[in-house]
Amino acid sequence: LRQGFAEVVFCQGKTVEQVLAIMNRLAEYNRSILATRATREMYEAVRSAVPDAQYHELARLITVERQKPAVDNERFILVMSAGTSDIPVAEEAAITAEIMGNEVKRVYDVGVAGIHRLLGQRQLIEQANVLVVVAGMEGALASVVGGMAAKPVIAVPTSIGYGANFGGLAALLSMLNSCAAGVGVVNIDNGFGAGRLASIINHMR
Amino acid sequence: LRQGFAEVVFCQGKTVEQVLAIMNRLAEYNRSILATRATREMYEAVRSAVPDAQYHELARLITVERQKPAVDNERFILVMSAGTSDIPVAEEAAITAEIMGNEVKRVYDVGVAGIHRLLGQRQLIEQANVLVVVAGMEGALASVVGGMAAKPVIAVPTSIGYGANFGGLAALLSMLNSCAAGVGVVNIDNGFGAGRLASIINHMR
Amino acid sequence: LRQGFAEVVFCQGKTVEQVLAIMNRLAEYNRSILATRATREMYEAVRSAVPDAQYHELARLITVERQKPAVDNERFILVMSAGTSDIPVAEEAAITAEIMGNEVKRVYDVGVAGIHRLLGQRQLIEQANVLVVVAGMEGALASVVGGMAAKPVIAVPTSIGYGANFGGLAALLSMLNSCAAGVGVVNIDNGFGAGRLASIINHMR
Amino acid sequence: LRQGFAEVVFCQGKTVEQVLAIMNRLAEYNRSILATRATREMYEAVRSAVPDAQYHELARLITVERQKPAVDNERFILVMSAGTSDIPVAEEAAITAEIMGNEVKRVYDVGVAGIHRLLGQRQLIEQANVLVVVAGMEGALASVVGGMAAKPVIAVPTSIGYGANFGGLAALLSMLNSCAAGVGVVNIDNGFGAGRLASIINHMR
Amino acid sequence: LRQGFAEVVFCQGKTVEQVLAIMNRLAEYNRSILATRATREMYEAVRSAVPDAQYHELARLITVERQKPAVDNERFILVMSAGTSDIPVAEEAAITAEIMGNEVKRVYDVGVAGIHRLLGQRQLIEQANVLVVVAGMEGALASVVGGMAAKPVIAVPTSIGYGANFGGLAALLSMLNSCAAGVGVVNIDNGFGAGRLASIINHMR
Amino acid sequence: LRQGFAEVVFCQGKTVEQVLAIMNRLAEYNRSILATRATREMYEAVRSAVPDAQYHELARLITVERQKPAVDNERFILVMSAGTSDIPVAEEAAITAEIMGNEVKRVYDVGVAGIHRLLGQRQLIEQANVLVVVAGMEGALASVVGGMAAKPVIAVPTSIGYGANFGGLAALLSMLNSCAAGVGVVNIDNGFGAGRLASIINHMR
Amino acid sequence: LRQGFAEVVFCQGKTVEQVLAIMNRLAEYNRSILATRATREMYEAVRSAVPDAQYHELARLITVERQKPAVDNERFILVMSAGTSDIPVAEEAAITAEIMGNEVKRVYDVGVAGIHRLLGQRQLIEQANVLVVVAGMEGALASVVGGMAAKPVIAVPTSIGYGANFGGLAALLSMLNSCAAGVGVVNIDNGFGAGRLASIINHMR
Amino acid sequence: LRQGFAEVVFCQGKTVEQVLAIMNRLAEYNRSILATRATREMYEAVRSAVPDAQYHELARLITVERQKPAVDNERFILVMSAGTSDIPVAEEAAITAEIMGNEVKRVYDVGVAGIHRLLGQRQLIEQANVLVVVAGMEGALASVVGGMAAKPVIAVPTSIGYGANFGGLAALLSMLNSCAAGVGVVNIDNGFGAGRLASIINHMR
C-alpha cells in the first residue's frame, strides 16, 4: 500500500457479476479497495460477499477500508463545487482522496456569480495544500480559485448543465484557458482522477 | 438622428473605393457616421473627401461627428476588458457607445485570475447603468461581473487567445453559461454590436 | 424585494426532498419565490407545505406570489416564439418576467417562413419596451425582429428541432450573427435568464 | 451542348500551366467554356492562347462564349445576396446561370435585419422561376425568401463574416433548418453549384 | 389547393390534443391534409374525429386525401434510398410528393458499395424528372446519382448509422461536397422537405 | 533493410539545418532514405551533401535509393485519386510504396460524379493487390472502390476542397462510414502512412 | 464462398420480422451466415426457423456455420482490447474473422497506462499476422502496438468511455494520428468491419 | 519572490512598445522576469533598455535573472517531448520551471510508436519528482508515462501535426482520457502554464 493508495475498480460497463468477482478477489489480499461508478445493485451484490464494504450513494463509490491510513491533518485537500448538482462528482473526488490517506475539507455551492460567498472562504482556500474545483455551468470558478490560491488546483469540468454547456465541453474549455493560474484539468466528470492526482500531490514532501 | 444613433458602415469585405463612395454619400446628409472594421488605408481615402473624419486605430473605426449628441452623464456605460489584447474590441464598443450619445467609462485588464484588482472596481461596477464585458481567455469575467452588478451586462467574447480557446468559442460558451446573472451575449469580436445594444438600453427611460 | 425580483431556485439536478426543504425555508420570509425546471412531483411535495404555491405545467415553474408587485402597464415586455414547440421556453421567460413585476404580452407561432403573420404583429413589436424572441428551428426570427424593433431584443435559442439544429446550436449561431440589430443572446433553452434580463432592462428609468 | 451547358473547369488547386493546357484543349471544340475559381494570373495566360476568353474579376470566372444560347426571357432566375460581401459568390452563381442559357436578375444587399427593403422586392420574388439566395451572416434570408416564393429556392451559405459564423457553418445550419419552405442548400461558397442547379431547374418544361 | 399542395401539420413537440384540434379544424375546409412525425396514438385520436384520415406507420404520416389531384404520369419523381433503415425517411418524402400530386417511383437499398445494383437502375435514373436520394451511412450515393442524372437531385442525409456518422453529420457533409453535380441538400431526416421541394420542381412547366 | 523499408524522416517542423544533419547521418549507413514534407530549399541543402538524393516536387519527398529493392511485378498497388488537386497526396503514397519495394500503378482524376470513367478502370481495380484511394471532395470514392475490389483498400482523406469539407473532415467521415467494404482509413493528407501500410500488406505471403 | 466469406446481415434498424425473413432466405443456399448487431429477441425468432443458428451475446452476433472453412493456423489474427468494456466490439471483430476462416487469438484488457502488461504480450504481438486493436478511452494503444508490430494493425475506436471521449471521437482522432506506424482505422464501434478487413489481409498470399 | 516565482509578461497581442514599457518598469524592482511568446524584435527592443535580458529563440522567451534562486537538485522536473517539433513548447515549460527555481532534465523525441526508446528512459521517469509531457501527434505519450510514473504528470497538448489533429484537439482529448493515471492537462501549447504548475508542485514539502 503505497502512500495510502487503494486498489481501484472502474465499474461502468461491467456487469454486476464481473464487479462481484473482481471485488471478491481483491478483498482477499487488500486493506483498502475503491470501486467507482458503482450502482446500488452492484453494492448489494458485493456486500453479501464482502460485508465490510460501504456504499456512498451520491458519489457512486463502493469502499472497503480495513485499516485507516495515517493521515497528515496539517495538509488538507480542499474540494470545492460551484453548484449543488456538481456535488456527486465532488464527492467522488473527496472520498477518493480520503481513502488514499488525505485529510479533506469541502466547500460546496460557491459559484462565481455570487463572488462574496466565495471570498468568504478565502482563508480555507489559502490554507489548503491542494485544491480540487468541480464545476459544470461555471468553469469560471477554476480561474478565480487559481488566482486566489498559491497551491496547485485540479479542475474537474462536469457534464451538469444544459444548452450550450454541450455535455461539459464549455466548462472544460473554460478551465483549460485558465491554466496560467496554476491549474491542471482532468476529464469531464472524472472526480476519481482528480482525487487521485490531488492525493499524489498532497503526499509530496 | 434617433437617440444619438449614427449611420453605420461595415467595411470588412468592401474595397477602399466602395467605402469611400458610401462615406461620401452619407457625409452629405448625416451629422454622425460610424465605419467599423476600417483599415488605415480606407481612412486615408475617406479623409481626402470627408476632412472631418477621424480614425481610431486600435478600434479600427472611422467616425464623423458634427454635433455632439446630448449626453446624460449620470447614466454611464462601463466597458471592461479582461486582458490587454482584448482592448481593441473593448474600444470598438466604447467608441460606438460614445458616438451614439452615451457617457462611457473604461476599466481594462481586470481578469478574474487576479480577483482583487476586479473587486477594487466594485464601486464603478455598482454605479454603472449598463456594463459591457470583453474577454477572450477569461470568459469567466462575465459571470463574476454579472453577479456583482444589478444592471444589464453585455458580454463580448473575443477571438484573442490560443489553443483551446478555438477562435473565441471557449469564451462564448463560458459567457452563455452565465446568463442567469443578467448577462446577454453578442457575437465573438462584435464590439460594435455590444456598444449599440448598450446604448439602446442606456437610453431607456 | 428589489424591483420585484423574486428568490429563485434551480430545481434540475436536485432531489424532491432538497427542493421541498429549500422552498419551505424561503417561504417563511419571502413575498415571492420562483422555482425553475420543476417537475410536477416536486410541486406536489412543495404544495403540501406551501399551500399558496402554484404550478405552471408548460413552463415547469413553481411560483409563490403573496403580494403582486406594482407593474407599469405602459412598458410591456413582448415574448415571441417562432414555433408551437418553443412555447414552453417562451412561457418560462414570460412568467419569470411577470413574477418580477412586468406587464408581459405574448405572440406565439410567428415563424419567418410566413413573414406576413409576423408583419401583422408590427404594431406590438414597435410598442414593446423589451422583446424576447424564442426559436429553435428559426433562429432567423431574432434578426427580423431585431430589425423591426428599436428596443432591446433578448434572443433565446431552443433545443427544439431535429437534424442539423444540433441541440440548439444552429439557432444559437444564427442569433449571434444578428447581434448588430440590437440583439443579445442567452443560453439555449434559458427562458428564465431571458425573462430576468428583460425584467432588469424593463425596470430601467 | 445540352440546354446551354458549358464545359466547366475547376481552377483551384491547379497550376497556371494546367489551366492553360485544359482551356486550350477545350477551346478547340466547344462553343462555351466556364472556368471557376480562376485567378487573374490564370486569365492572363489563357487570354494569350484563347483571345475571346473573358474575365469576371469579382466572380473569379473565366468564360468563353462563342454563340449565345437561346434564352427564355419569361423565366428568369433571381439571384439575391444578403450583404455586399456576399456579392462575389452571388456573381459566380449568376454568371454560371447566364452562360448556361438563362435570363438572370440580381437583387443584392437585402438582409433580413432591414425587412422592408426585402419586402420592397416582393414582386420580383414572386415572378422569379427559380431563386438563388446567397448569405454569410444572415442565413435567415433563405427562410424568409423561401416563405415568400412558391418556386424553388437554392440557398448558398458563404464563409463571409466573423466570430460565430465559423467559416460559413452558422449560415449553412441556419439554411438547412428552413428546408420546409422549399429550399435546397449547396456547399458553402459554391456559387457555381447553385447557378448550375438553378439552370437545370429553370430549363424544366 | 395550389398545384396539389396540401395543408401541412408538424406533429413533433405537440400534444395529442393539439394535433387533434388542428386536424379537426383543417378537416372542415381542406381537400387534402398532411401531418408529419405523427405517432400512432395521435392517429387514433384523429381518426375518431376525421374518419377518412389514414396512417402511414413507417413514414409516420397522417394523410387526408378527399380528391385525388390530377397527376402527370409522364413526369415522375424517383425516390432512392441507400439502406433499408433509410426507408422511413424515404417514404416520408415519397408520400409527401404523392399527396402533392406527383407520380412517384421508389428504388430502395441501392448503396454505392454495391455499385452494380445501382447501375442496374440506370434507366429509371435517366428517365426521372426529379430525384430524391436518401442516405445515412452512404452520403456518397448523392454524388454518384448526381453524376448519372441530368435532372435535379434532392439529397436527404439521415441520422441512421453509428459511430462517426455523428447523427447524420457525415452524410450531410458528404452530400454538400457533391453539389457540383446538380444536387441540393435538405436537413437531416427531412423527408417532408425533400418531397415538397421535389414536388415544386416537378410541377414546373 | 526489412522488406525494402527505407529510413524515414518527417521534415515538417524541422529547420533546414536539422534536416540536413539527419540526412547526412542516415546517408552514411543506409541504402534507401525517404524524407517527407520536404521543401525544395531543404532538398537543395541535402543535395550538396548527399549528391544522389532526388526531389519529387509534387509529393514533397526527398529520396535516396542506392540499390533498387527486388520488386514482385505480379502484385501491384493501385493508387487512385478523385481529383486533380488530390494528386500530391496520391504521389506521396505512390513514391513511398515504390521506395519500399512495390510495383505501383496510378489512376488519377476518377471522381464518382463521373462514374463511367471509374468503371472504365474496373479491370485494374480487380487486378490490384492493394488499393490506395485518395480524395478530398469525394470521400465517396472509397466506398465505391471498396465495393468493387476484393482486396484491401487504404483510404486517404485530403484537406483539398472548400466550404463544408472542413479541412478534410467531410472526406474523413465519409470514408469511415464505408468501412464494411474492406476499407481502412489513415489521417487526412497522410499519403506516407497510406503508402507504407499498403507496402506492408503487399509484402504479405 | 470466397475465402471463407460469409453472407452478412446488418440487423440494426431492421424489425425482427425483416431479420427473420432475410435469414430464412439466406439459410437455404449458404453454408455460413453472419448477422451483426442482432438482439436476443431477433435470435429467438431466427432459431425457430434456422435451428443451427447460434447467438453470441456479448458480440451481438448470430452465426450459422455449416461447414468449417479451412483455416491456416500458422497465420493468426491477434485481437486486442484496451479495456474490459471494449470487449463486445473486440468480440464482434474476433468472431467475424473466425467465421471468415481465420485463426484468432485474443489479448484483452492491456491498456497503455499499465505498459508492462502490454509488453508481457510482446511475443504474441510479433508473431501475429494481422492485429486488431480495440479501444475507447485509450486510443493510444494503437500507436504503441503499431510501433511494436511489423504487420498491419487495424484500429477500432469504441464509443465506450465518458466525458471528453465524445462518443468515440477522442479515440478515433488519437488512432488517426498514429497512422505512420502501419495502422489503418475503421469506424467507431465497427468491430465487424475490422474483422473483415483483417480477414481479407490475412488471406493474402 | 515567492518560491522563485518570477514576474510574468504575456507578449502575444502586445506591441513592441507595450512590451518594452512593461519590461522596463518591471526591471527596476524585480530580480527575475519572464516574458512569454516574445518575438526576436521585442527582445531587441528590450535588450537596449535592460541589457541583462536574455532571449531563448526556440521557446520564444525573454528572461531576466539577476540572482539564481536556490535550487533543490534532488527533486528534478522531467520535461519530455514526443516529437522534434514539440520541442519549442517543451522548452517554454523547461525554462519557465528553471527560472522559477527548479532543477530540470529533458528527454525529447520519445514517441510511443517506438516504445523501446521510451522504456530506455524508465529510470529518469521513476526518479523525477514531477513530469511534464509535451505532444501534438502522440497524445498517447501522456497515458504511457502516467502509467510508468508514481509522481504527478502535467500533460501539454501541442498544435503541431496535421490533418485530424485539428489544431491540438486530438492530443488534448487523448490526454484528458488518461487522467486516471495521475495526469493533469493544461491548454494546447501552454508550455508556460505547465512549467509553472510543475514548479508549484515541485516546491511542495
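Labels A, B, C, D, E, F, G and H are assigned to the chains in the order they are written; within every chain, residues are numbered from 1.
As a working rule, a contact is a pair of C-beta atoms (placed from the backbone, for glycine too) under 8 Å apart; a residue touches a chain by one contact, two chains touch by 3 or more.
All figures in this text were calculated on a predicted structure; none of them were measured in a lab.
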Contacting chain B as well as chain C are chains A, D
If you average the Cα atoms of chain C and of chain E to get two centres, how far apart are those centres in Å? 36
Distance-wise, how many Å sit between the C-alpha centres of chain C and chain G, to the nearest whole number? 50
Do you know which chain A residues sit against two or more other chains? 163-166, 169, 172, 176-177, 180, 187-188, 190
Pull out all the chain pairs that touch, please. A-B, A-C, A-G, A-H, B-C, B-D, B-H, C-D, C-E, D-E, D-F, E-F, E-G, F-G, F-H, G-H
Considering the complex alone, what residue numbers of chain E touch chain G? 83-85, 160, 162-164, 166
Chain E to chain C touching residues, read off their complex: 10, 12-14, 18, 157, 159, 167-169, 172, 187-190
Spell out the part of chain A that touches chain B in their complex, as residue ranges. 111-115, 119, 137-141, 143-144, 146-148, 161, 163-166, 169-174, 176-178, 180-181
For a test of understanding, state which residues of chain A touch chain H in their complex under the given definition. 2, 8, 10, 129, 150-152, 154, 172, 176-177, 179-180, 182-188, 190, 192-194, 196-197, 200-201, 204-205
